Structures are given as C-alpha cells and as structure tokens.
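Letters A, B, C and D mark the chains in the order given here, with residues in each chain numbered from 1 onward.
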Amino acid sequence: MLALFSDASVIALALGFEGALARAEAAEGVIPEAMAEIIATASANLVLVPEELAEAAAHAGTLAIPLVKSLRDTVPEDVASFVHFGATSQDVADTVLMCQVKRAISLLAADHGRIVKALGVLAERHAATPAIGRTLLQDALPIGLGLRFAQWLAGIDNAWHRLANESEKNAKIAFGGPAGTRAGFDGKGAAVAKRLAEALNLAVGVPWHGRRTGTAAIGAALGILIGALAKMARDISLLAQNAIGEVREPTIAGRGGSSAMAHKRNPTGCQIALAAAHRAPGLVAAMLASLPAEEERGLGGWQAEGPVLADLFLLASGSIAVMADVAEGLDINEAAIAHNLSAARLGDDIGESQTIVEAILSFHRKE
Amino acid sequence: MLALFSDASVIALALGFEGALARAEAAEGVIPEAMAEIIATASANLVLVPEELAEAAAHAGTLAIPLVKSLRDTVPEDVASFVHFGATSQDVADTVLMCQVKRAISLLAADHGRIVKALGVLAERHAATPAIGRTLLQDALPIGLGLRFAQWLAGIDNAWHRLANESEKNAKIAFGGPAGTRAGFDGKGAAVAKRLAEALNLAVGVPWHGRRTGTAAIGAALGILIGALAKMARDISLLAQNAIGEVREPTIAGRGGSSAMAHKRNPTGCQIALAAAHRAPGLVAAMLASLPAEEERGLGGWQAEGPVLADLFLLASGSIAVMADVAEGLDINEAAIAHNLSAARLGDDIGESQTIVEAILSFHRKE
Amino acid sequence: MLALFSDASVIALALGFEGALARAEAAEGVIPEAMAEIIATASANLVLVPEELAEAAAHAGTLAIPLVKSLRDTVPEDVASFVHFGATSQDVADTVLMCQVKRAISLLAADHGRIVKALGVLAERHAATPAIGRTLLQDALPIGLGLRFAQWLAGIDNAWHRLANESEKNAKIAFGGPAGTRAGFDGKGAAVAKRLAEALNLAVGVPWHGRRTGTAAIGAALGILIGALAKMARDISLLAQNAIGEVREPTIAGRGGSSAMAHKRNPTGCQIALAAAHRAPGLVAAMLASLPAEEERGLGGWQAEGPVLADLFLLASGSIAVMADVAEGLDINEAAIAHNLSAARLGDDIGESQTIVEAILSFHRKE
Amino acid sequence: MLALFSDASVIALALGFEGALARAEAAEGVIPEAMAEIIATASANLVLVPEELAEAAAHAGTLAIPLVKSLRDTVPEDVASFVHFGATSQDVADTVLMCQVKRAISLLAADHGRIVKALGVLAERHAATPAIGRTLLQDALPIGLGLRFAQWLAGIDNAWHRLANESEKNAKIAFGGPAGTRAGFDGKGAAVAKRLAEALNLAVGVPWHGRRTGTAAIGAALGILIGALAKMARDISLLAQNAIGEVREPTIAGRGGSSAMAHKRNPTGCQIALAAAHRAPGLVAAMLASLPAEEERGLGGWQAEGPVLADLFLLASGSIAVMADVAEGLDINEAAIAHNLSAARLGDDIGESQTIVEAILSFHRKE
C-alpha cells in the first residue's frame, strides 16, 4: 500500500495516463497515430527521479506541469504539442487517484477475506459458549461468546461492502480538459473518454473536476471501515486487561513487548487499529471540507484530497492486516470467561444469541 | 424538522415504542394481551412535560429511565413490570433515532425534488449559452452555462441517493435487550422484533447496540449532501460578486438585506448553506468517533450520536430548503455573462458542454 | 449555561449592545444625548418573543436585522435613524458572543474550583498508597494512587488556565461598522469603542470581523478542557469495571441506574464527560474552518461560529459539573486496590510518586 | 522541515536521547560513569537504516523497542542493561517529538519574520489608499487598503505568538519510566530529569505520559496559524480574480502556470495555503481525540499524535514559506483598485482605517 501511494507510483500512473490518452485520441482520429505511438513509448520509458519531480510539483502546485514538460522534452518537437492533448492537470491528478483507489481496494480485499473467514469460524464455534456481556463498562447479562465475534464481523463486513460499492461507482477516469467541457476534440471527447477508461480499467463518466461527492464518499467509507476494525480492537484490548483476561492477541515475534517491562504482553495490534481510528474522523472531515469547490475547478480543496485519501488507505491497510492476524490467532481463555461469568452471578441465559449469530453469518455469506 | 427533533417529539416516539413493544410482545404471547392494551393506551395518553423529562434524562444519563418510570407509575401495579419488558434504554434511544431518520428523509425529499427540477430546467435551457469557465478562481475557457447547473444537480442528486439508500438500509429498529441477546422471550424475540418493526414502519434486523456503522453512514451521507448543496452556494456567491454579476439569488422579502447598508443584496441563502458546510465535516467526524464502541453497549459514544445526527439533519434541512428557493428563482444576468465571456478573450467554444449536460440529465432522470 | 446561550439571552444581550452603543455615541457627541436616552430606555424595555425573532433571524440570515427593525419601530421616527448608528450586524453578533463567553467562563469557574480542590485533597491523601499502574491497558508497575489524581488535576487545571487566558485576551467588543473602518464617527470611533467596552465589561480592541483567531482559540481551549475532563472520566470508568473495582462514581439519586438491570451501577457521570469528548474535536474543527474568512467580513464562516461555540460551552459545562460531583464523592475501594496490586506480583515500589504529586500540587497552588 | 520529521531525524534524536540519558544518570550516580560513556559513544556512532528500523517499529508498535535493542547489541554485554535505564518507550517517543517541536518553531520563525515585515510595510504604505471593502462577497463600503494588510498581519502574528507560547510552555522532556513514577533511581529521578532536559535543550517537568494537553495545545495553535495564513490566501485569491484584479501573487519561475492554458496565472501560493487549511481542522481534531488517554499510558491515542503533529508542522511550514514569498512580492494594481472603488459608487470615506492600521502595527511592534 505504501508503494502504491509513493511518489514513484504516482509518476508511473501519471505517465500511464499520458500514454493511454495519446492512444485513445489516435484511435478516434484526434491526433495522428504515429505521434501517439511515440508518446506512448516515451511515457513507458521515461525515467523520472521521484524526489526531483515531487519538488518541482510542490513548487508548481501540481504534478502534471513538470511531468508533462519532461515528457514533451523527450519527444521530437513536432510531437510535443500532442502530449497531454486536450487534457488538464486535474485530469491527470484525479485519474491517478482513482487508479490508486481501485488497486488499493484489491490490496485490502485479501485481508478482508481473512478477517471475515476467521471471525466467522470463531462466531460459529463459540455461539453457545456463555460469557458475561458488558454494557457501559459494567457487567450486564450473559451473552453467547460467538455473538461478540459475529457483531465484529457484521460491522467490518458492512463497512467493507460500502467501501467496495463506493469505489465501484466512483472510481472513474477524470477527463474533461481545462474547463471540464472536453473542448478541442471535434465532438469525439466522449469516445476518447471511453477508450481511455477501458485502457486504464476504470469506469467512464462525465467530467467531475468540481464535483467531489465521489472522493468524499470513498473517504467516508474508509473512515467507517477503520472505525469498524477499531471496534474489534477496542473490545479485545478491554477483554485482555489482566483482571479480565478473556482473550489476548496472538503472540507474534517482535510484537507486543515492552522496552522496559519484560512481563508485559501489549495489545499492539489493537493499538495500531485504535491509533488509526483516532486519526480517521479528522481525515474524513478534511475530505468533506473540499466539497464546496469553487466553480469549474476549485482552489485548495481537491488539491488537498490526494494526501488525505492516501493516509486513509494506509491506515485502513495497516489496520485490516493487523486485525486479520489477530482474528486468525486470537487467544481465547475459556477458563477466564467461565470464571468472570460465574463471578458476575447473573446466571447463564444467553437468550437468542445463537439465532442472532446464525442470522448474521447467513446474511454475510449471502453478500 | 425542528419539531421532529424536539424533546416533545422524542418523548412521543419513545412512548410509541413502548406501546408498540407491548402489543408486539402480546401478539407473540410474551406478555398478556390485556396488560399490553393497558400499556399501549397509557403510552398513547401519557402527557409528559418535555422540559422536566429532559432534565431528568440529563441527570439519569438516558431518557428511558425517567420515561419508563413515569409510564410504570401510570399503570396498575401488576401491569408495571410488563412495561418496557425485555428491552433496554438503548433500544428506545436507537429506535427513536431511526424513526426520526426515516421521517427526516421524507421531509427533505420535497425540497430535493424542487431543487432537482429547477436545476434540470436551468441546465437544459442554458446548455448552449456560452459563459466563461473559471478554474482556480481564474478565467479558464468557455463553458455552456447549463453545464454549471447540471454539475450542481449531479452532485446534489448523487448525495441524495446515497442518503436515501443508507437510510433505507439502516433505519432499523433497535431491539436486543440489556446485552443484545433478546433474552427472556422464550425464543420469540425475533418474532417480536418483526412485529415491532412493522408497527413502527422500520426495517428489522439483528441487534446493533455496539455496531454503529449504520448511524455513521447516515451521518456521512448527510455531510456529503450538505457539502454538495454548499458547492452550489459557493458558486452562486462567487458569481454574484459585484464585479462579476452573472447570477444573483432571487429577491425574497426580508432576506439578504443589510442592517447598515441599504444598497446591499447579500447572498443570504448561500450563507446559510455555506455555514452548514462549515459545521458538517466536524459533525461527521463526531459520528465516526463513536464507532469503536466498548463491548456490548458502549460508554459515551452512542450517547453522543443523537444530538449530532439531529444537528446534521437540521443543517441539511435548512440548507436544502433555502437552496431550492434559490434554484427556483435564480436571477441570471445574460448580459453580464456575455460581457465577462467577451472580456476574457478566450473565444466561445464550449466544447461538448451540451452533450455532457444531456448525459447528466438523462442519468438523473433514470435514477 | 443553557439560559446564557438561549435565544432570550441573545436578544437581551443584543438589546444591551444597542442601548450601550447609543449612550457611548452620545457621550462622544456622535449622536444627540436625548436620542440616546430614548434608545437606551427602549432597548431596556423592548419585549421580543424569542421564537418569532429567531425565525425572522433565520430568514434574514442575521439576528441584527429584525432586532434593529423592532427597536426602530418602537422609538419616534426622528430617533430611529440613530438606533444602531454606525454599527453592523456582525458588531452585534460578535459582541453578544463575547459577552456570553465572559459570563460562561464565570459559570464554569465555580465547578473548576470544586474539582481542583477535591482532586488536590485526594492526591495528597493517597500519594503514598501503592496501586498497580496500567499502561496500554495492561498492568505495568506500581504507582502512588494519589499520582493518578494529581495527573487528572494537572491536566484539567492546565486546560482551565488556557481557557481563562484566551478568554481574557479575546473577549473584546466587536465594533467596526459595515466595513470594519469605524466610518461616520468623525474620528471618534475609537473613543466610542472604549466607552462601549467599558459599559459591556469587555476588553476593547481594533475591529476583528474577518480575523477569527480569537474565537478559534477560545473554541480550541474549550475542546482541550473537555478532553482533560474526559481523561479523568475514562480512567474512572475503567477503574470501575467489575473485575477491577478500584473506584466508583458516588451514588447520586436517580443517576447511574439501568432501565432493565437493577443490579447495575453505571458510570453515568463519566458517560456525560466522555460523550462530550466525542463531540468536541469536531466542533473545534468547525471553529478552525472559519478562519479563512472572505475579505472584510466573510460569508458562512463567522455565522457558523455562534452555535458551535455555544455547543462547546454547554458540553464543557455539563462535563465539569458532573466531574466535580464525581471528584467530590469518589468512592475509593482500598481493599480492591491492594488486591489488584498484589495480584500483579510486581512489588510495591512507587518510585518518586510522592515527589511528583507534591510538585504538581505546588505548581497548581501557585497558579 | 521534511528532514526534521523524517525517519532518519527521529532515529538520530532518539539515539541522542539514549546517550544524554546515560550521561545524566551517570552524573547523578545512577549508573556507572564508564558505562554511560560507552553508551553515549555508541549512540552517537550507531548507524541504523531508517527503512529497516521504521518497519521494525511499525511491527513492534513503537520505535524504542528495536532501537534500544540495536543499541544494546552494539555495546558489551555488561553495559547492555544500562542502556535506556529506567526509561520507557514513550519517554523516547514524546521527548523526540518535543525536540522536533522546538526545532520546527525555529524553522518557522524566519518565514514568520519575513511575512510580518512585508505586511507591515504594505500596511503602512497603503493605509490611506481608498479601496472598496467587501463583506459577504458583496461591495460594502470603502476601506484603507492598508487596513486589509494590517488585518492579515494581526491574525498571523496573533497565531504565531500563541504557537510560540505553547511551545515554550510544553516543549518538555518526557521522563517518567514505565508507569510515570521515575522508579529505580533511588530518589534521583528528578535530578536526572533536570540534567537530561538541559542536555536536550528542553524544559523539564513532571511526567506527562497520560496527560496530553500540551501536545493538543501545540496542535491547535498550529491549526490556528495555518488558518490565519489561509485568510490571507483566501483574500488574495479573491482579489486576483480577473474581474477584480486588485492584487496578484508575484511571478515566480515555474509556479502558477497551467498545463493546458498558457494565458493563465494561477494563485498557486494561495492554493498551497488554502489546501493546508482544508486539512488542518481535521488534524487538530485528531490531536484533541487523544486527550482521554487510558490510565498511566494510553492505547492508540498518543501513538497517533506523532504523525499528526508532523503533518501540521509540514503544512504550516509550506504555507508560511509560500505566503512570505507572496507578501514580499505582492503585485498591487492601484488602477484596478481605483476603478473598482469608483464603480461601486460608494464614495471614498475610509473612516478611521489609518488609526486602526497604526494601532495594529504599534501593538505588533511591541510584542
């Protein structure tokens, strides 16, 4: 995930955009075929130093300016004007971002699968095991232990489907040209857009430079996923308190130790997920703050979205990976569970816990 | 909307929950039919002073405690124990909130319809009118004026469908009992839940006390809607600057004046929508912050959600009503538009603006 | 605090502004003395229906317009033009807000005094009592129990002094007139401002319509105070878990019960403080979002600040009152503390806990 | 600033902490002098690969664990146990953060000086130049042009002094050991702390592991500074609109161009400052969210602060540098200002603009 959101990756995706754009334009007769091939080849072969380009982009206020300039400098003079033809900086920036979104979702999917599978097994296995349920941080009434796991699963899976759905709907190319009108294509802009989207494996749509609902929705969905993972982490860290001891994170070499206390086994996976959830709400707030963009393409809003969305994906990625490990290796202490239940003196009636677990599992299997 | 989220409304909905619960339980044989009728009648007739109950609720930390106590006090002693049978405070609080969500969406729908209709007409009418497009607050290239209106519509409508969808999926009753296990119903909890949901016109689902993805998603969708409305407001306030003068809010008696400057015509509708968008991101952040709830029912998180979601609905409501007025009466100065276009000396090629407008309108008509 | 931020209070303070303004202007010869007395008397006697005015203000986009109109309607025609002379809506709104800030701080001060005193006593009394310290939610090493209380005190008191200091520096009248230039006073604007500030018991300063650092800083200081109170609440709610049982909130009639579980004693005071801390960060974010105000007086930013700052004060007020009660009546279970310490098998060396407690107490006594 | 917050810098500062700690402990007789010298020398010479250590830290959940291990591995076996003696991971992490804070403030100071000087000159020079003032994005009344510049200066300087003051007060070493009690030093912990603070050029204080008011306050002050800079950027970007044209950013080679429109001169400096202000409120919200830390050292909160505070400093740094350039080279078009003033037909009475400018400048010179 770090690699996907690195400067090097952004450059590679941006060059990929320029190459695919030239070919799409040539296929529709907007620019000469031969020129397009030269541009596409140059894009594929151009080597740029990420640090240098990042600095130039920071100075220029956008990556596209120095990148397009570099690309133009490497092709023959008569080809240069066909580079980036009809496009604008934001077309590149937004399309690159959406390529990253789509790939990032794929990267998350594997860990999501792991976590859902592991929690499903735990929920089923322990559906009927009585444990004391706690509300407002006080002992309340017994629950089926598996209900707790099923609820984690339900929250995470709900959040996952929202994210996948928003990504599916909104991971579109951005291709509108300077004012979002697709000017200069002799009416072939929509056709070029279609080809470009196919080449980049993104959905096609009308230009959306000043309309940021899609990026905001993806950001919000990520925030919800991070929160759902942190719900599981919150519970595990509480249940792992020494006086409770019902579950613990699995022992993973080099994790959870203390620099000063050899006896400690810290809930470090939970810490990572909880730290992510401390940061996510503010990052989502930043995504929403860019919605009231100025006119055809705004000033300061969409330019802030890239790094914020990257942070959200990195946090989600770190969190889901670590919680998948925790789910797969969760260390359950049935004796402590039984002891705490009995200490609460509230009986062992787990109500319809099992039915609820089954309902949750069956719903999520269908999805 | 203010009435819907008032203390009086919360009390009425909470009493409605208790009455419907008693009847649903009686229908499944969980409590005696006669007792249920007494409770339902008492719920329907009980008059509580909102200020007093609000104070008692603030003191007790939840509305349900003093409300259930009042209800128990009004029924015969042998009926009292069947009041609120098997339910918990949070069942009441969350169900009331979801009743409010569902009704609030209906209230918003009318204004949403107005705004979409008005912007659709404007977009179509002005699709081919050239105007200067502006990016990064600088003149960029010409656009079809209608494209601007179509983009507003696309953003607002996209946000609306997300909100309606999240509400549809998540406006469920909360009914799990103290630890979310539906204990004490002899296995009839799910059936009671089904009846209760029907009576309250909400969807049914498994208990979700500690799983806050649904409320978070509704909150985020509201924040995106508020932002999409503010996008329209941002543009109008910029286009209404004296030196630009392309559009103005309609004249509405008592609005837009200045306490000190008789010559001014302030963009007061836009102000309302923009002020809402200043507040919404932080409110959404608060909704997300409650996701990592503690154990079966959390401490401090879900209790914070009610007032925050109410604020979001109130802001959305104020914003959409005022922007619907603005859309319906938008004062368009074609001479100023032509003048500004010509002053920019960038020609009048509006590219594929018309095609894009048509694509947007046709997509949103289908939805 | 609710009364202070009610519509009725805002109206009273706004009328107080208009009366004091008239007299300050008369004292400097800007308007005739006799007119000023009529205006001041009318301001003092005018009865406005809060609901009606609130509606008119919502419609007009500012309270000042309907309020000034009402006031002008009640005075003779030749006096009317001297009402609100030289002032602008935002002068009224911002000055009223700062009057509220100043009074709100006074209201908080009493509870702050209570909490600091109670925690100071606890810290001193238990400085040498060994208890197990916990880090990352795991038993770590022993601490002096009083150190925990002293740390709560240190955080709350630090936050309090920041808030008091920001209020002291920034609770200034707003008085700049329509464009913030104090036009129309023949050079006597600064003198009028000085008199007005004295009458309203606020500091004087240059106009600050478009410069929102003061309100942002007060908002941030409130957010930090709410967070510091929630730190204490977090700890108490954790220490009150059944398996730990080291402290509990005091028993307060009607608080902490459960609608369904008679055996429960919920940490309801902590819940209130923690719920406040769930909302505060987003509210502070909203205050900061209004900093980049447009030109001489912005659109949508400062208009959003009033309700947000009111929310922050209400949350702080609810939180500090309840935590003062908790501090004063904290129920400490020394047997449980000793038991947990011994169960941890980590000895009883509390290091320099006592010295640290003394250092904290001595620092905060000096302040 | 990027270098200061890089992994390499964190490692260097952390090793500096370990070396200084050893020497401070030796000076107080806590560990043998000879051992301390070996550790200090090893700390100074140890070369760690930032990428490797970052990965190990991410895995372990804290940097201190792999760093201390590496350091122990490089010293003789009998010295190893004196490395990091009595300290805890969070001592290292928080102290490193505060070293960064202090240095970061120094880095910002130079640009702050530039901006204040440049705006002071502009404010004085143009104090009496009439320009149209604008409120709610509409022409309002004339102002002295210099008043606008003075207000920018007042906001930025106010924010700067808050930040400097919070840094002064809170940039303290963290030194409390595992449970914040300074255990294991035979009563010499406070003396060691004093020496350590001197060596690291930070203030000394009692342990603050679980008390996050200081970091929250620094974060909030940064957010306010970023907002105050964005206020200036907002105004310049509005005044630079083609139809207004009163000011423009200076021409800087490679900045402000457009990838597609050669005629454009984009307000790229303002874009950077405005983008920063889109992100800052949410980052401050994240800082505040960590206040309710759990017990002696929390789980997930303080661990999230480091990257958030780094982001805030990086945004502040980028913003202040670019706005200092803009202030120094601001391109003022007096003809356009006169034209817009005359077009507004609102006269040229600038009220007491000059007096207000003088008051602002004299106040800020004193500070």
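Going forward, contacts are C-beta pairs under 8 Å (C-beta built on N, C-alpha and C of every residue); 3 or more make two chains touch, one makes a residue touch a chain.
Since we're looking at a predicted model, the values are computed, not measured.
Novice: With respect to inter-chain C-beta contacts, which pair, B-D or C-D, contains the greater number?
Specialist: Of the two interfaces, B-D and C-D, more C-beta pairs touch across C-D.
Novice: Where centres are the averaged C-alpha coordinates, which chain has the largest centre distance to subunit A?
Specialist: Checked the centroid distances; the maximum from subunit A is C.
Novice: What is the distance in Å between the mean C-alpha positions of subunit C and subunit D?
Specialist: That gives a centre separation of 26 Å.
Novice: Between subunit B and subunit D, what is the separation of their C-alpha centroids in Å?
Specialist: Spacing between the chain centres: roughly 38 Å.
Novice: At least two other chains touched by the same residue of subunit C: list those residues.
Specialist: 88, 134-137, 140-141, 177-178, 230, 233, 237-238, 261, 266-268, 271, 274, 277, 281-282, 284-286, 289, 299
Novice: Which residues of subunit C touch subunit A in the complex?
Specialist: On the subunit C side, the touching residues are 134-141, 237-238, 240-244, 261, 263-268, 271, 281-282, 285, 289, 340, 343-344, 346.
Novice: For subunit A, which residues are in contact with subunit B within the complex?
Specialist: Touch residues, subunit A against subunit B: 88, 133-137, 140-144, 147-148, 151, 154-155, 158-159, 162, 177-185, 187, 189-190, 206-214, 216-217, 220-221, 223-224, 226-228, 230-231, 233-235, 238-239, 274, 277, 280-282, 284-286, 288-289, 291-299, 349-353, 355-356, 359-360.
Novice: In the complex formed with subunit A, which residues of subunit D make contact?
Specialist: 56, 58-62, 64-66, 68, 84, 86-89, 92, 177-178, 230, 233, 237, 254-261, 266-268, 270-279, 281-286, 289-290, 299-301, 303-304, 307-308, 318
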